[in-house]
Amino acid sequence: MKFGVVVSEGPYTHQAADTAYHFVKAALDKGHEVPRVFFYHDGVNVSTRLSVPPQDERHIQKNWTELAKKKGLDLVVCIAAAQRRGLLDANEAQRQGKDADNIAEGFRISGLGQLIEMGIQTDRMVMFGD
Amino acid sequence: MKFGVVVSEGPYTHQAADTAYHFVKAALDKGHEVPRVFFYHDGVNVSTRLSVPPQDERHIQKNWTELAKKKGLDLVVCIAAAQRRGLLDANEAQRQGKDADNIAEGFRISGLGQLIEMGIQTDRMVMFGD
Amino acid sequence: MSTLHIVNKSPFGHGSLLSCINHCKSGDAVLLIEDGVYGALSGSVVEHAVTTCAPSVSIYVLEGDAQARGLAPEKLIGTVKPVGYDGFVDLVAESDRTQSWL
Amino acid sequence: MSTLHIVNKSPFGHGSLLSCINHCKSGDAVLLIEDGVYGALSGSVVEHAVTTCAPSVSIYVLEGDAQARGLAPEKLIGTVKPVGYDGFVDLVAESDRTQSWL
Amino acid sequence: MSETKKFLYVNRKAPYGTIYALESLEVVLIGAAFDQDVTLAFLDDGVFQLTKGQDTGGIGVKNFSPTFRALGDYEVTKLYVEQESLEERGLAAEDLQAVTYEDEDDDWAEKPSIHIVSRAEMADIMADQDVVLSF
Amino acid sequence: MSETKKFLYVNRKAPYGTIYALESLEVVLIGAAFDQDVTLAFLDDGVFQLTKGQDTGGIGVKNFSPTFRALGDYEVTKLYVEQESLEERGLAAEDLQAVTYEDEDDDWAEKPSIHIVSRAEMADIMADQDVVLSF
């Protein structure tokens, strides 16, 4: 079965990004497909590569990046939500005249249409948020 | 009178950073002092200079930076909360081996002791959060 | 020795306003801001809790937040007093401490 | 045609669980995750609402979240069924849709 | 894409205090281009999104309530508001702004998009969807 | 700094679902170095922070509940828990972990740091502070 997943809250602040991660891993382990994970609202903050959590804590962004690499996940960060909150990839930074970017490997910035498309193309959608 | 102010939530997601801004402006207009504003929890996200809100929306980070410049505010971003969430200044980025930084002008990163110190040295503390 | 309590959440989805009211002492003030302003609506299921909290406790509502949400003055509980950001500042200065019910 | 309702907030501070229960239909399932697991505590003020929602609605609690919060099995309402992340996945697959009460 | 699914947008949060209401509306507007069967549900504090007379001048935030009135142009015409949620908040139908659409199948007659429904009807609407998005 | 103020840390949120409980504890630990008069209040969902038997292995998040037991070493010895909040949640005093300190004024006798108080007593404690920090 194909699952679409939405993450709506930022890392560490809310548990949503953690629960979604464990859910996606369990779904893949059971042989389901997770063609896309969509990060919306504060969920876009998961994608920053500048996070430096304490040594004894999980590294939420790295967990997602590694899972994406291993399983070929499509991690999509909503562009509108990301712009407001200061999450940019190199292209966006150049286009907006910003001197730095902060998106981690494994995440890509795209539009809200990708969320709707995920709803159409998957069998189930699960939202994790606040 | 001296007011200390704490902002505990991120920009746009919650109204806290806006309400705090209007409160600080009103306090200064009435002749009070606001020696420090402390950004904690997701409040540290206010300090990113990479935010690109829609043209017809307020620019929360710029509002704070300009108010700080005009009135000499001390905008302190909690280092522990900032590290988790991927907010770094140039020094921190170098120290952590990160290839980019994102703190805006007018904000400085420092420790939680600055919050306690603010509580000791001001007459009133007001917290804005979720 | 009085406290300014600040409530910023809707009382219909969150327990903050009721918890605040249950911990108020005579002479305290409660300021409703942000989504907290809905607590000032007359005719709601929390109106009784708000009105029986007064008169020993004064209830204020931040005007800009009430207007943003379309709460016209005639929709508000009669004893609730509207204040602007400047009135908010005065309330903080006049109280001995503030407590935000986050 | 059944729905898996997912509740992630404590029912003591937030209205989500009660609102969810009020919108459940016979045959639906409710999964309590994150701070929502507190809704499975026996002896609490929301126990009655949870137990009268069943038996036509099944209530599940995410084990890892319950253990993290120190909710031992004997503290939970007897009819609530614990599931792991794999059971969560099965519940999603077996239902026709999920609805998160954020 | 030829498949048509029933999308329900569930709005349970008040406007302005948090961004969810605004960002929900952004999804609805983008989603309208996908020709799906779209319904919006307003319950709990979500009913506050539709109150009339919203004026955000005093808080320096953009007033997005007029955008609801544009939904008809995007063929989003089913907005269900829960009666019990209104009553608990001391609100009635007349406290909500008018949102209408022009019905192309009925000589472009102007019709209301907002329908007040009972909690039981809302539960039926929720149970009749393919995809439920919560904000 | 010679001035001593009364600091109250108000904890009203559950642990793990959000970070407030953990980041509150980080403030308390740093604040302990400032030699102020520190009190912690646990009410509403905040009482869940002190439950015993927390085991976060299944969710991959750090278990910070043992840190409360270290507060005595930082001379943070006043933890007030509201009785009514416990009861509403089906909890009793024995569901909380033991937190103690060694009283240097009483021959280092081990004493409980946690005190169960009524809602009215909690209101009195809140009204007796200089600075109230809410988490």
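Just so it is clear, A, B, C, D, E and F label the chains in written order, and each chain counts residues from 1 on its own.
The definition used in the following text is that contacts are C-beta pairs under 8 Å (C-beta built on N, C-alpha and C of every residue); 3 or more make two chains touch, one makes a residue touch a chain.
If you're wondering where the values come from, they're calculated on a predicted model, not measured in any experiment.
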Per the touch definition, the chains contacting both chain C and chain E are B, D
Per the touch definition, the chains contacting both chain B and chain D are A, C, E, F
Max Cα-centre separation from chain D goes to chain B
Comparing which residue numbers chain C and chain D contribute to their contact, where sharing over half means same and under half means different, the two sides are same
Greatest separation from chain A - chain, by CA centre: C
The pair out of D-E and D-F sharing more C-beta contacts is D-F
How many angstrom lie between the CA centroids of chain A and chain B, rounded to a whole number? 26
With centres defined as the mean C-alpha position, give me the chain C-chain F separation in Å. 27
What parts of chain D, by residue number, touch at least two of the other chains? 8, 12-13, 15-16, 34-35, 64-65, 84, 97-98, 100, 102
Among chain A residues, those touching two or more other chains are 12-13, 15, 19, 22, 41, 57, 80, 125, 127, 129-130
Chain E touches at least 2 other chains through residues 12, 16-20, 44, 59, 61, 130-132, 134
State which pairs of chains touch, listing all of them. A-B, A-D, A-E, A-F, B-C, B-E, B-F, C-D, C-E, C-F, D-E, D-F
Chain B residues touching chain A - in the complex, by the definition given at the top: 10-13, 41-42, 45, 48-54, 57, 61, 80, 83-88, 93, 96, 98, 100-102
Give the list of chain A residues in touch with chain D in this complex. 1, 3, 8, 15-16, 19, 22-23, 25-27, 29-30, 32, 124-130
Chain E - residues contacting chain B, complex: 16-19, 59-62
In their complex, what parts of chain C are in touch with chain B? 6, 8, 33-35, 62, 64-65, 84-86, 88-90, 92-93, 95, 97-98, 100, 102
What residues of chain B sit close enough to touch chain F in their complex? 6, 40-41, 80-81, 111-113, 115-117, 119-120, 125, 127, 129
